[in-house]
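Here come two complexes built around chain A, the first alongside chain B, the second alongside chain C.
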Partner chain A sequence: MLKSAEAANPAPPTGLSAGSHLLVQAGEYVCALPLRSVRRVLRALPVHPLPGATAELKGLAEFAGEPLPILDLARLVGAPPGANPTYPVTIVAWAGPQDGREMIGLAADAALEVAEVPLASVVGGDGGFILGEAPVGNQVVRVLDLEALGRER
Partner chain B sequence: MTGKGYLLVRRGGALWGVDNAAVQSLKRGDGGFLLGVTAGELRIDKIVGVVTELAVRPVTAALTRFWPEAAGGLAVYAAEPLVVVDPRRPPRALRGLQSGGGDGKRRRRSRTA
Partner chain C sequence: MEAESTVGAGQAPLPEWASRFTDNALVGWILVVALTLLGFVLLSHAASSGAPSWPAYLFLALGIAGTVAYGLLVYPFFRRLEQRLPDTQERWQRLEGRLISAFEQLGAGDLVRSNVQTRNLPDRLARVSQAASEALSQLAQQIQDSSIEVASAADSVNQIATELASGSSEQAASVVEITAAMEELARTASQIAENATRQADLARKAESSGDAGAEAVDEAVLGVEEVLKRISAISSRADNLGSRSKEIYRVLDLINEIAQETHILSLNAAIEAVAAGADGRRFSVVAEEVRHLAHRSQESVESVRGLLDEFSSSIRATIVATEEGSKEASRVLERSRAASSSISDLRHASGDTSRVAQQISLATQQQNAASDEVVMTLREVSLVVQRMTGGLKNLSTTSDRLNSLGLTIQLLAQSFHLDSPRSLKHLVEDWAQKLQKATGAAELESALDELVQGAPFIEMGYFVDTTGYTVALCINKGSAGSGRSAAAPLNLREIDMTRRPWYRAVSRVKRAALTPPYESLNQGELVFTVATPMLNREGQFAGVLGVDINVNGWTRI
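Here is the complex of A and B:
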């Protein structure tokens, strides 16, 4: 597991390019989250379900004394369920546009590695939260745009 | 039955906060308690307690996108997150109505397969 990958500033930290992404396992998919949006990676936070929520919202958690909505990343990307994760994580990240960003938690099966995903290599996608797919090593990853998450309807 | 602070209650496994000033009545019923507020009676399973203060945060867009309810805000009590109820528009779970969520069928824009 990546330990506390702190990236509180919206700008990429020194040494990280705009193409730096955190690869995470979400069901059978590997997803790439822009590292500039990732604030922290934690062992899965306890989640309190919220009656009336859609399946994508696992519930609320407490993070640093604040309430945090926890979204199920596999459901968000429509990934088939994978094997039971041995070390599930919560990725605390910024979502929404820069001028109205908000903190969310993404429940994922595992944090894998940091990889470069050049935007030029991204194809397809829905023009929203799922930016598209890109080859990374010998696998295809779903590249996500967390800024779109807050504005998509 | 008005006063400063929030009444904390549990319903559907979740923790909810109701502004004390909005509480009009409280009685046993429906296997738990019935709490009278502006919008009518709320069904609650358990009374957790009363707190004088909560640091209430606004409900964010990411939350309302996946939880289509009105709320007065979010807060944390004893390391547990809670929803502060809007007494004029309480969530369906507290009104005893079927919530309609959690089925994963909320329409989204097209996804990649």
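Here is the complex of A and C:
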């Protein structure tokens, strides 16, 4: 299924700025998703829960006629739950390494904006999915590496 | 006995001519014969002169016949009469003595002895005398009874007059108190009338104020009703605005949703622009502007939503306020209507109060006038009662005098010695006859004590001998008081009674006597003494028996 999705969706262009990120609200955290991994921003898709799934996996949704696994971004980053989102969104993105990436959906509370994140200023992190934290404007965002998410999974 | 000897000594002797009736009759016979002869001579001389001589002979014959008849018939009678005249004279002298004695007893008031004296008189004279004595006895008895009744009635009148005087005094005091109370009542009535008049004025003013208040409250009711209508209209409009604001909310939600979609679209555009690389940079700028517009739209929507929230809140507050205002206006309306009803009732009550107060004022004025009349009447009554009190006091004094007069009459009546148990003289003389049989002072005193104790109206009895010593003295235990009775006998025995008036009177006339009332030495009450002489066995005066009669006790008896 992922392979078919990959066939339908070409690989991201290489000309993308490495610092362009999509800022999303996940619980109380603001996370920065690398824009080269983001495919689409959609209003929250209806999710069909999967029995026996982990807490991070909310279920399956339909995207472009294909089933799309929906992950809870807030749980992924360990964010405390925030207020009920007014316009929750589903971020369709590529996860995993370039050679075996998969399209997933990330359930977030809101899609904020596209912003440049100076990667040099990223500090902390566990060297995996969460690269670390970096200042963006007057706030601190958690910079995520979706490719690492594929590897961890 | 002394009276009979006195009467015999004072009787005049008969004339000489009256004691010689026979001689006088003889002289008369001689004179008749002489006159007959003289008449015969004169008639004979007349016959010698030529007149007929038979009248002279007839005259002579008649004279001789008369002389003979006189000598045969009249002279013996007069002779016998002359022989019986001394006995008749002695008899008439005895009768005269008895009659005089009887009249003396009668003059002394002793009708009993008077009757005894008249028993030996000739029948007719005895009957007449006894009838007169009985009539006098009955009269004295009636006088005694009447005097007792008069004394008793006077005593009753005195008591009644005293009670009436006391009652009238209390009545006068009560009338004075009632007068004062009525005057106070009149003053109070005046104050009530004034207060009622003021209350009537106040009630009329209250009624006028009630009218004005009722009009004002009616206007207020109308105003509140108008306010209620307007509040209802405002509430309706506020509800309409609330409904419209909800529509605005829906529009805002739609705009917000569109803005969100635009936002998402701009983000996707930005993603696509970034994916487009250098070619997509202009598009990313447009996407960014679109995102800004979406953001501004969201901000505007939020701003409008905020304003709309405030507006909705204001509308809700307005609705709540109008509802509260409506409720308050309803309450005010209800209260105003209640106030209008109360004011109406108050106005009617004020009118009624005014009328009642006017009636009270009139009534109290009439009461005041009536009270004044009552006060004047009570003053007149007070004067009448005072005069009546004075009159009753005079009546009491008069009844005292009447009582004294009754007692005096009683004493005067008791001065008669009647054959009646009510005659004190008779009683005491009867006692004296019984006591004369006693031998010795102890027996005498014992017999006297027995008699005294049986007569409750007798305070004490005593026998005083000719030396003035009180041989026997008995005090009635039933009538003896608690005060001076113990010391009195010793004092009485030490007194020389021969100087007492009753002793002197009795010893002088040897007849029962009464004393005027005096204060008793024993009890201090009013008594009078009835005393009678006592004779010894030889019939000589041995002393005086006296009993003290308690006036009140005797009057009650």
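Criterion: the second predicted complex is superposed on the first by the 136 of 153 C-alpha atoms of A that agree within 3 Å, B and C clash if a C-alpha of one lies under 4 Å from a C-alpha of the other, contacts with A are read in each partner's own complex, and residues count from 1 in each chain.
Quick note on the criterion: contacts are C-beta pairs under 8 Å (C-beta built on N, C-alpha and C of every residue); 3 or more make two chains touch, one makes a residue touch a chain.
Keep in mind that this is a model prediction, so the values were computed, not measured.
In this overlay on chain A, chain B fits alongside chain C without clashing. Contacts of A:Leu35 after superposition: chain C is touched, whereas chain B is not reached.
Once the two complexes are laid over each other on the shared chain, residue contacts for A:Ala111 go to chain C alone; chain B is not touched. Of the two partner chains, chain C is the only one that A:Val89 touches; chain B does not reach it. When the two complexes are superposed, the chain touching more residues of chain A, out of chain B and chain C, is B. With both structures placed on the common chain, the touch criterion links A:Gly27 to neither chain B nor chain C. When both complexes are overlaid on chain A, the residue A:Gly19 reaches neither chain B nor chain C. In the superposition on chain A, A:Arg43 makes contact with chain C only, while chain B stays out of contact range. Aligning both complexes on chain A leaves chain B and chain C separated at their closest CA atoms by 22 Å. The residues of chain C lying in touch with chain A in their complex are 257, 260-261, 263-264, 267-268, 270-271, 274-278, 284, 288, 291. Of all residues in chain A, only 48-57, 59-62, 65-69, 71, 75, 77-78, 95-96, 100, 102, 104, 124-130, 132-133, 142, 149-150, 152-153 touch chain B in the complex they form. Within the complex formed with chain C, the residues of chain A that make contact are 12-13, 15-17, 20, 22, 35-36, 38-43, 86-87, 89, 111, 113-114.
Looking at the complex, you find that chain B touches chain A at residues 11-15, 55, 57, 60-63, 65-69, 74-76, 79-83, 91-93, 99-106, 108-113.
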